[in-house]
Amino acid sequence: MVGMKIAGIIFSPIIGVITGLLLTGAARKMVARVEWRYGPPILQPVIDLIKLFFQRPPSHGKTFDYGLIASLAGSIVLVLFLPVGRLCPLSEGGGLLLITYLILIGPLGMALSGGEGANPYVSIGISRKLILSLGYEVTLLLILLSVMSEYDTISIFNVVRAQSENGWSLFSWPLVIPGLAYLLILPAILGVKPFDVASAPQEISSGPHVEYGGKYLALSKLEGGLSEFIGIALFVNLFLGGWSIPGSLHLPAGVLGVFLGVLVFLAKVAFVFSLNVTVSASFPRLRVEQAVKYLWSWPAFIGLVGLIIVSAL
Amino acid sequence: MDRRQLIKWLKEPLKMSNKYSLHVVYFCTGCGIIEIPPSITARWDAERFGVKPVATPRQANLFLITGYVSLKTLKPIIRTYEQMPAPKYTVAFGSCPIDGGMYWDSYNTINHLDKYIPIDGYIAGCMPRPEAVFAGITHLWTLIDEGKADGYKKYRRNYSQYRSNQERLYGELGWPPRFETEGLENE
Amino acid sequence: MEIISEKKKGGSSRELELYFGPQHLGMIGNFSITLNVRGDRIVRAEANPGYLHRGFEKLMEGRSWIQNFPLVCRVNVIEPGSMEMVYSTAVENLAGVKVPPRGKYIRCIYLELSRIASHLFGLWAYSKTLGFETVGGWAMYHRDLILDLFEELTGGRVYNIYIWPGGVRRDLPEGFEERTKDVLHEIGEKVPDYNQTFFENRLFHERARGVGVVSREEAMNTGGTGQVLRATGLEYDIRKVEPYGVYDEIDWDVPTREDGDAYSRIMVVRDEMIESVHAIFKLFDKLPGGPVYNKIPNPFKWNIPEGETYVRLESSRGELGLYLASDGGRKPYRAHFRTPSYPHGLTILEKALAGESISDTGNIMISLYVTAPEIDR
Amino acid sequence: MSSIEEKITANFDGIEVRKIEEGRIEVKTKKEALLSTLNFLKDEGYGHLGLVSCVDRIEEGIFELVYILSRYLVGGEVAVDQASLIVKTEVPRGNPTLVTSVKVFETAEPYERELHEMFGIVFSGHPRLTPLFLERDIDLPPMRKDFDTRKYVEEEFESIPPVED
Amino acid sequence: MSGKRPSILNSLGAGKYLFRRPKTIKYPFELKEPAPRYRGFHLNDWDACTGCGNCEDICPNEAIEMVEVPELEEAPEEGRTNLRPQINYGRCCFCGLCVDVCPAGALRLSRDYLHIHFDTDTFTFIPKDQKSAGEKFLPEEEYSVLKANLDHRRQDYEGFSQDLDFSLFRLDRVPMPQVPPEERKLSFIEQVIGYTKEEAKGEAERCLECGLCEDACPAGLNIVDYVGAIYEDDPDESLRQIFKDNPLPSICGRVCMKHCEDACSLGKQGDPVAIRWLKRWTADSIEDYKRSLELTPGEDKGKKVGIVGAGPSGLSLAYFLRLKGYGVTVFDSLPGAGGATRIGPPQYRLPLDAIEKDVNYIASLGVEFRFCTTVGEDVSFEEIRDVYDAAYLAVGNSDPLSTGIENADKAHLALDFLRSNKIGEGVEVGREVVVIGGGNVAMDAAREALRLQHMQHPETSVVTKTVSLEDWDELPATGEEVEEAREEGIQFNPAWGPKKIEVDGDGRVKGLLCTKVKSVFDEDGRFNPSFDEDREKFLEGDTIIEAIGQKPDFSFISEETFGKLEFTERRKVRVNENGMTSLPGVFAGGDIVNTNLDAVTAIADAKVASEGIDCYLSGK
């Protein structure tokens, strides 16, 4: 069990990073398809990263560097609290509550770092990002509360295990309501269109990333990939049963089981992600106030209704 | 990816990643820009080779100077070029940056761009077709492979000459010199 | 919403100065707008053109009448056809050159194809500023198909140098009509996709409606033409008002919208594209035989009698005019282009941007179809 | 209804009206009467200022200012009957000053700014006569006939040495 | 705001393209051919290119420069130069104006467009095509887009090329109004009517101002300028330009051999500019040269020059020397000036009035003419040398040659025939005339004889035939002459050699017996005809005219002096670069010096000699 833990601590961030990058690559390819073209090789983000790590752009001071690192570190820690398949290093304890805090570290670190660059687009981008986070954070909290009260646990691991026995929560009453709410805010959490107001290259020159170049950009891309992974992984764990396979099939125990579990998990992640890509490929970007307005209307309402129903039942 | 390429990747990751990850500064300097959208969209799709426009010069390593350069544009061009992290490459489009092109006698466009910033490749045409843009990229690949795409090093080596040429155009420039001393720096 | 309004009230009273362009992903063309913003709102906008100034009118004074042909089309890279037409017409007016009927028809076919290509480019630019590359990519693909037609017809993809005084430079190649119709059908087949994905996209409506409103009075006071005016319900189109070419010989409509906002302008563009496609079919139906070109005098000896003329026509962006004066010599004495983007980009844009969100800078700018090269010239 | 030509001649003294081609009427007015002429024409419905241009008649020593006015017409109305007007006035090359027409036509603002930059004409009362296009100060405004652009290029750009490695 | 908002789910339909094949062209693995009219890099057919430089002139960007190419070493033929366009792709805008203006149709654009290099010097390039630089044009299997550049191009990849209907020049000459053959053959009415002002302007407008004609003209006239002046409606200026080098516009405007038109770049694909007719128009349109020209004789230098022969060369020299201030006396045995032009060209080509117009102007400058004065008889050549400070020999070829066949004495000699008709009492011709010879003089004689026949034997059928050694394609007469002669109904018997003139018992001419010619020139290209004796042909005729050439007559020079006169191997008087013969102070020009045997070359000689005499007399 300890070996498993250590393996989890080592592998789950790695899996997270790699999946994040591959998903970014896949997203570019899928968007390209919708645009009637082939798109880059799926490994393109990796190539970009290698290149970026070789570049040495100027730094804008200590906070600039540390903020970025903090943001990345926050995301890595967050991954550790998420079960990736059956690799679940730290998530048996205070899982969900912790996540609500940790999920804010990413944007905050970015804000810290970006604020050092004197570019006005950065501050606009950061304020947009924070406004957007506030937009979905409440709904996310409502959803997490519903899940916690339904399963009566704050451990994600337990939530997943419960689903593997009782069926996925997305398809079970009453958790389908917060599940839908989560699906509605998922693009905002991932920061993809129509909610990519924070980076919005055509409006504010990619916002917080304006001053990043070379390795800074590489780190922020890693962080971006990770947070995409986290957003989806959380959904898969909470609503799509994590590693579990529908029906009466059960994964074998042991290393093979862990491995297969990770594969199943990643397959679900990829599926949810492709839904998001389709959405992002077929919508223009919203204005920030429109985005917040949207987030606080339907998703928040559904989330609230979901919580009420869950706690009432 | 075949084995030869894999070995190349392992041996020279810098060159290879630079080759296949050319991020373009999106700066419409002249009319050649009209052929960039076709190149990056459905018909020709430059992203197959990892070429894509990015929002800021800090994220870019390829500067496509698309056509004639007016005096007012040259200033941001120099600024943008200096902001890009090394290694960085420049490709100039069409006749105008070579010898003035259509606007050889215009009082507001400069004739020889290489007097002010180094250029790694010129593409003939007025304007170059999207295919020529691709050919420009393959040309750049060859140069990177051979280690000849060293415009940024040249800029560093001869910075005082470039700077003095720039100052002859504009008088006092609004920003301090990029490099204090001259000499080859492996940036 | 509250957070935004709080911000507006006092949270951020600091006024930021933002430079939108020239190096900016949302900027189409080499143009720059200085925005004074408070929070997300634009307080004041100042257009800052000149990045593409080449001194065209000065250069034209130094080149002979014929040598100016390769030059004038380069005033506007997005729709060179209308530039060729306006200069040709002006030269024809001054020199008294006549165009054979077939030449006129081919000119109009070419101009309408240019208009579609230009509008498709505009659609790409517009959807790109909304961050919606998908439809932009499609539009650009379809524009490329039209550029292939141009290449076949004229030998150049973008700078066609096709319309000459006295007619057009070459006759239609074999089978051109069928291929043109094939391309138009291919584009037409995708119109439902465009509609579904873009023009009837809920978020496009959200983004474009009520944004960048230019009222009819405002537009008329500030020299607005083209879609800017037609989006306010005024059926003003030089092709109808002062018909040139053979636009009075075929039957076509001027599409309008009522609201004067970005949405209306884009929808007018969409309708115009469809109208242009129909017009091309009608033009092909009536295309007469015969010569396409009346030979002009020897270019080395061509003196044009003293005089002046003002020619205007409807480009894809609005009223395009050329004031051309000759002193009886081999070169123009003075040429001055009245480009539609000039008032759109320097007067209307500044007014329309004030009070809008900075997210909508590109949105408004492209919906006004501000193209930098023709402002700067 | 009398034609616009008759109306103009009836309302102003010393104004020359001439038809130069189908649909174009030239109106030559004195510098002092420019604003009142423009105002009158605007009230007559010529509310669309298409262009403000300037011709450097260097041999006669004048700048000829050209204002092109037309009507906003709609469906059915044809412009040939409602010709565009080419309003002209002269200012001496030595002292090129003129009152701005921004108060009559808002559109004139960038045009006059451009003419100020390209010809050196000073429009009194103009809200911002700042440079519009040019980055560099050129001693002689470049659109004047005596500015030789080829010589300028030769002297200013070609003289800059290439960078030697 | 109007209209209802569409459903938010509408646009998700775009997702279907996730599963469709993309439309991208996988360049460079998949190629797209440029259109057949594509305007890419230049191609130039070096054989067709004349180096006229029109492309350089039309280029709006000064991208084209004409450069001397070392590959073309030998001196170019007439109407060509060794210059070829060099294109600077740092300037070129691929507009194709140069293609549309190329009168030779040599310059085209190909469909190649790829050239990428870091060195700007590689963008300057002298185009050739695959005929002259085949190694750079590769067949499809060897060609690769990845290597494509200016030196690695596709074979058979022609793009935008010239279409004569759309070219920037006009190939068709403004037709010169002429009296129709049926009418003109009846009298000596001048055949060419002459351009009207509009026609002349229209023809002058065609000139592309390349200047190849000026290089070809022996006298180096400013053709571009005087043709340009005609276009500009300024005949006075045109005349001034002509008189800089040629004081005989009225004569030359009718009978010049027009080397200029042979060189004209427009003639490569169409009709050359009618330079000769334009000169004629200038001369005819001006009544009084003196008022237009405003030329005055130079300040008197107190020296005198004697000129023997008042032909074009002598007249021109007189003009040039008077302008320089020398006294000039012209001796001629004829009663008027003009020399060969006075007696040779028949009235219908060169009326005497036209000659007099030029001569009168020259005389008005103060030239002394002594007509009907035969040097050697009335005044000796040595006397002229003594009295005058310098002498100029311009006696021309005045001695006609005979074939020397049997009964040749029964035939007329062409020169005598023409002279007698034009300025003498005239000749009686029969109903059937045979002219021996295929040159221009033979044509003149034949056509003149035809007119005489019609005038002397009206309402009866008459026949004029020519017989010449040369075959159709070798006829020395200009094509124009031959064509006009045929229009008038003259019968040709090319490639037949005269053998014998048959006479009847009364000594009257019956006809000409001819044998078939096998070849005119031997292997070395020398004149050495060979005959097929078996094939004979008898041409009936009652009048026979021999028109096979003339030679100079130097009998007026004493034998002692003649011995000192040096000749070239082609039996021409040898002159140095100043036009001076081996006799000091004696200059020479015209047909006795040059081999062109035409008026404009004679004028050119006079121009050289005038400079030479000036140097000689002013002691420089």
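Letters are used for the chains, namely A, B, C, D and E, taken in the order the chains are written, and counting of residues starts over at 1 for each.
Definition applied: a contact is a pair of C-beta atoms (placed from the backbone, for glycine too) under 8 Å apart; a residue touches a chain by one contact, two chains touch by 3 or more.
Remember, it's a predicted structure, so these values are computed and weren't measured experimentally.
Student: Give me the chains shared as neighbours by chain B and chain D.
Tutor: Output, common partners of chain B and chain D: C.
Student: With chain centres set to the mean of the C-alpha atoms, which chain is at the far end from chain E?
Tutor: Farthest by centroid: A.
Student: Find the most central chain, measuring centrality by the gap between its CA centroid and the centroid of all protein CA atoms shown.
Tutor: C
Student: What is the distance, in whole Å, between the centres of chain D and chain E, each centre taken as the mean of its C-alpha atoms?
Tutor: 54
Student: How many Å are there between the centre of chain A and the centre of chain D, using C-alpha atoms for each centre?
Tutor: About 60 Å, centre to centre.
Student: Would you mind pulling out the distance in Å between where the CA atoms of chain A average out and where those of chain E do?
Tutor: Here the centre of chain E sits 88 Å away from the centre of chain A.
Student: Averaging only over C-alpha atoms, locate the centres of chain A and chain B and give their separation in whole Å.
Tutor: So the centroids are 36 Å from each other.
Student: Pull out every residue in chain C that's touching 2 or more other chains.
Tutor: Answer for chain C, listing residues that touch two or more other chains: 24-25, 50, 53, 55, 58-59, 62, 70-71, 74, 133-134, 137-138, 141, 159, 197, 201, 203, 206, 376.
Student: Which residue numbers or ranges of chain D touch two or more of the other chains?
Tutor: 133-135, 142, 147, 149-150
Student: Going by the touch rule set out above, which residues of chain B reach two or more other chains?
Tutor: Expected reply: 41-43, 45, 48, 54-55, 57, 70, 72, 100, 102, 104-108, 112, 114, 126, 129.
Student: Chain pairs in touch?
Tutor: Listed in label order, the chain pairs in contact are A-B, A-C, A-E, B-C, B-D, B-E, C-D, C-E.
Student: Applying the document's contact rule, which stretches of chain B touch chain D when the two form their complex?
Tutor: So the residues of chain B in touch with chain D come to 70-72, 75, 100, 104-108, 110-112, 114-115, 118, 154, 157-158, 161-162, 165, 168-170.
Student: Considering only the defined contacts, which chain D positions touch chain C in the complex?
Tutor: Per the touch definition, chain D meets chain C at residues 20-21, 23-24, 47-51, 53, 55-56, 66, 68, 70, 72-75, 77-80, 84, 86, 105-107, 109-111, 131-135, 142-143, 145, 147, 149-150.
Student: Quick check on the complex: what are the chain E residues that touch chain C?
Tutor: So the residues of chain E touching chain C come out as 1-2, 5-8, 10-11, 13-14, 23, 34-39, 54, 57-61, 93-97, 100-101, 109, 159-160, 163, 165-166, 168-170, 204-209, 228, 231.
Student: Where on chain A is chain C touching in the complex?
Tutor: 31, 34-37, 120-121, 123-124, 127-128, 131, 134, 193-194, 196-197, 200-206, 281-290, 292-293, 296
Student: In the complex of these two chains, what residues of chain A are touching chain E?
Tutor: Spelled out, the residues of chain A in touch with chain E are 30, 32-38, 278-279, 281-283.
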